[in-house]
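In the two assemblies presented below, subunit A is common to both, partnered first by subunit B and then by subunit C.
And then the complex of A and B:
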């Protein structure tokens, strides 16, 4: 589709014009940390960053949402308010790619109506990753710092204060005004050089051993999961993890994130539990991502963003754990 | 299935409550929208203000304006289900999952093995089997419970015993003075069945430990793993293959099951727990 070269102020003006009709979500500082969260102006938005703490799945599959009010005499449904459309600014390629993975689950058999409604009414402006973090390993999973999968518009720097925009979808076309110039060969090659530099900066690689499936019964999993405190941070911050629970709080039925590391995740009312031990819970997480999701949907449910490793309180490292399995 | 949204429960009236045993009741339900289910599928039942839990209907699948679920009191939701009275309103969504593939059983010898609360899905299956009993080469039923008092559907099972299109044997772990049937685990009454093991079909439903030992016994007898159909029970929450609670290996028990041929799941660990 279309490519444009815009100056930074042209780009900012374009985005500013969208605040009237859209809710804008972007990377923004809160208490000294960066989060994707709703912003009121472009002044709140950070341009140069490695991945924020949270990822953009929060805006399609929120940590907690009321589905119904269920009473004896009435059932009231709560649907997400999508009257005001939403734009997510500056999502990185790992997060947008993960969204494509979640689409397969939530929009596949039994369409999840709230996820689908949010997907349809959200436009994603991605930003290429100039300086990936040390923990990043997207390339070994088929992604890359300049990849555009899952984006409606992608923005890549050309040089200071000048950007190359790819309009990738009709939704993207709707929000970018016809302006700027067509990219010249030199500009394209400058972006290409930045891309190569960013790719070279990603040193970490996940290498799934060829006998990974056969390792399932190995005692290896007991050893590597010993440190786990079952806090679930890795699953909550993972852009591809999607397990949830449906619980009733009083008369409200709530769908909230859940984690396969929890002691109650597989436990049934009578006490039976097919994954009681911690190592089985952790092993499930790894095999769900690297084996079962692939069997179910053709792709691995990990995008290499590295958040699970960064925020793990006991420093468990998914790359090391998989590579050494 | 409810209109569009798979999470939406349908308002459902309680028509009656039957006490089966001290810990098991059958609830007769009438959803405000017609629900058609196939035998083996399950539904999610909501008690407003308490929560939701999965059950496999125990009633005749061909009746679509009424459904029965047979519920053992084991936890928070089932305790409230046991307190339901005629006229109460609950929520119901589903049906979910696959069903017993009766068409593939056609022309074959079929053995159904039920234990304890597993009689619930089995009763629904037996209604369906009896409606077309001529389709099957031969029918066998083997059922067991802890004590004679623990048998569900005593009236129906007494009628099954009298039928001439099925060979029925019942057993209890511990008998009492009145019990005229066998005593011993259900595995002990599998011996001597004159069935074509190589081509015969076995359907097993009961508590995990009973399913485990029955399956092991059936394999020893010569049944093919792919001819043993198990109704698996895991912590099904969403019912639609998304929430992850009921996963066994690559399967969502709620969506890819709950009925599994044994060969599909036998290599995954802890399936019986």
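And then the complex of A and C:
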């Protein structure tokens, strides 16, 4: 589809004009940390950043959501409020690629209505990664700092205050006004050079051993999972993790995130737990990502954003653990 | 060199069989300090010691599954602040002192990734672990700093009026993911089944919502009253940066004022909320 060259102020003006009809979500600072969160103006949006704490899955598959309210005489279903369409600004390629992975599950054989509704009413403007973090390893999983999978519009820098816009879908076309100039060969090569530089900056690689599946019963997992404290950080901040629980709170039935590392995840009604030991919980996370998801949906459920390693309370490193398995 | 001594001590303990496992600090793939568990004397080379050794390794000693799996004697490397949590665990009969060898290391203060000394280290009063408590001490003896506890940051919050205080905390409770990292990293949170995980009856709303989150953090604070030693691990691990030490220090302040008690100082002393005395102050009971 279309490619445009825009100055920074033209781009900002274009996005500003969207605030009226859309809810805009973008990377924004709050108490010294960066989050994807709704913003009121472009002044709040951060342009240069590595991955924010949360990722964009929160806006399709929220941490907790009321499914229905159950009273003696009535049931009231809750649908997500999608009257006002949403734009997610400056999503990085890892997060958008993870969304494609989640699509396979939530809009697969079974269609999750709330996820689908949010997906249909959200437009994603991606931003290429100029300076990947030292925990990133997206390339070895088929992604890249300038990849555009899952985006409706992608923005890549050409030089200071000049951007190359790639309009990838009809949804993207709806929000970008006809303006700017067509890219010239020189501008394209400048972007290409930045892309190469960013790709070279990603040093970490995940190499899944060929006998990975046979290692399932190995004592290796007992050793590497020793430090794990069974919290939910790695799964909750992961853009591809998607396990949930359905719980009752008073009259409300709620779907909320759940994590395979928690003690309650596999606990049955009678108290039996078939994944009681810590290493089994940790192994489940790794195998779900690198084996089962691939078997079920054809792709690995990891995009290499590095959040699990960055935020792990005891700094367990998924790359090292998979590579050495 | 401190690290050299740590390595030789660990090697000696493992070789002569006085311990079967050493819990210490090592380095992971991307170069971060991470807890390491060493069984083979030749692996002691993995041990490191620097200003990034944040982890309160005592946490593993109160983990039942961990102790079940490693039922021999355990050697553990601790800093002065970690020693306090071990003393609390001993006072609560959670750790068998005979089965652990405590290797205390003098700590000159930890740094965050930007090179600033951690706030908890600024206020530290146990740079040098107790000689009569640890089995081995590594590092120079540093005179104990007798510091008056500074609670000015807590007074600041106490001086807010209620709506402002609620706003201050709700700002964080709205974002809390209930990942339970704060609970799980805490060496003193060792309940076999946490009240947060109980569904029948359901005591606390389990989903991540501001009402349930408020209650979670209040219950957590109550359960740590008279026990928390301000090791600061919960605040360090919180992915949304909730200032949990402010809650902990508030309860530390209250316990100090009401009962003149500081947890983690003396393992023979029980926490005020776990004992009864006839002359206990009752002026706060309505």
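Operating definition for what follows: the second predicted complex is superposed on the first by the 325 of 325 C-alpha atoms of A that agree within 3 Å, B and C clash if a C-alpha of one lies under 4 Å from a C-alpha of the other, contacts with A are read in each partner's own complex, and residues count from 1 in each chain.
The definition used in the following text is that contacts are C-beta pairs under 8 Å (C-beta built on N, C-alpha and C of every residue); 3 or more make two chains touch, one makes a residue touch a chain.
Bear in mind that the values here come from a model prediction, so they are computed numbers and not experimental data.
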- Task: Please indicate which partner A:247 is in contact with in the superposed arrangement: first for subunit B, second for subunit C, both, or neither.
- Result: both
- Message: If we overlay the two complexes on their shared chain A, which of subunit B and subunit C does A:229 touch? Say first, second, both or neither.
- Response: second
- Task: Check the residue A:288 against both partner chains and state whether it touches subunit B (first), subunit C (second), both, or neither.
- Result: first
- Figure out whether A:71 sits in contact with subunit B (first) or subunit C (second), or with both, or with neither. first
- Task: For A:237, decide between first (touching subunit B), second (touching subunit C), both and neither.
- Result: second
- Which of the two partners, first being subunit B and second being subunit C, lies in contact with A:278: first, second, both, or neither? second
- Name the contact category of A:112: first (subunit B only), second (subunit C only), both, or neither. first
- Note on the structure: Residue overlap on subunit A between the subunit B interface and the subunit C interface 245, 247-248
- Query: Which of the residues in subunit B come into contact with subunit A in the complex?
  - Reply: 4-9, 11, 46, 48-53, 72, 74-78, 88-89, 91, 208, 233-235, 237-238, 240-250, 255, 269-273
- Task: Show which residues of subunit C lie in contact with subunit A when the two form their complex.
- Result: 28-30, 32-37, 55, 59, 65-66, 69, 171-172, 175, 177-181, 183-185, 193-194, 197, 199, 202, 205-209, 212, 233, 236-237, 239-241
- Would you tell me which residues of subunit A are touching subunit C in their complex? 30-33, 35, 53, 63-64, 134-135, 204, 222-223, 226-227, 229-233, 236-237, 245, 247-249, 254, 256-257, 259, 262-264, 277-278, 309, 311, 313-317, 319-320
- subunit B-touching residues of subunit A, taken from the complex the two chains share: 67-68, 70-73, 75, 77, 105-106, 109-113, 216-217, 242-248, 250-251, 253, 255, 258, 260, 265-270, 272-276, 280, 284, 287-288, 291-292, 295-296
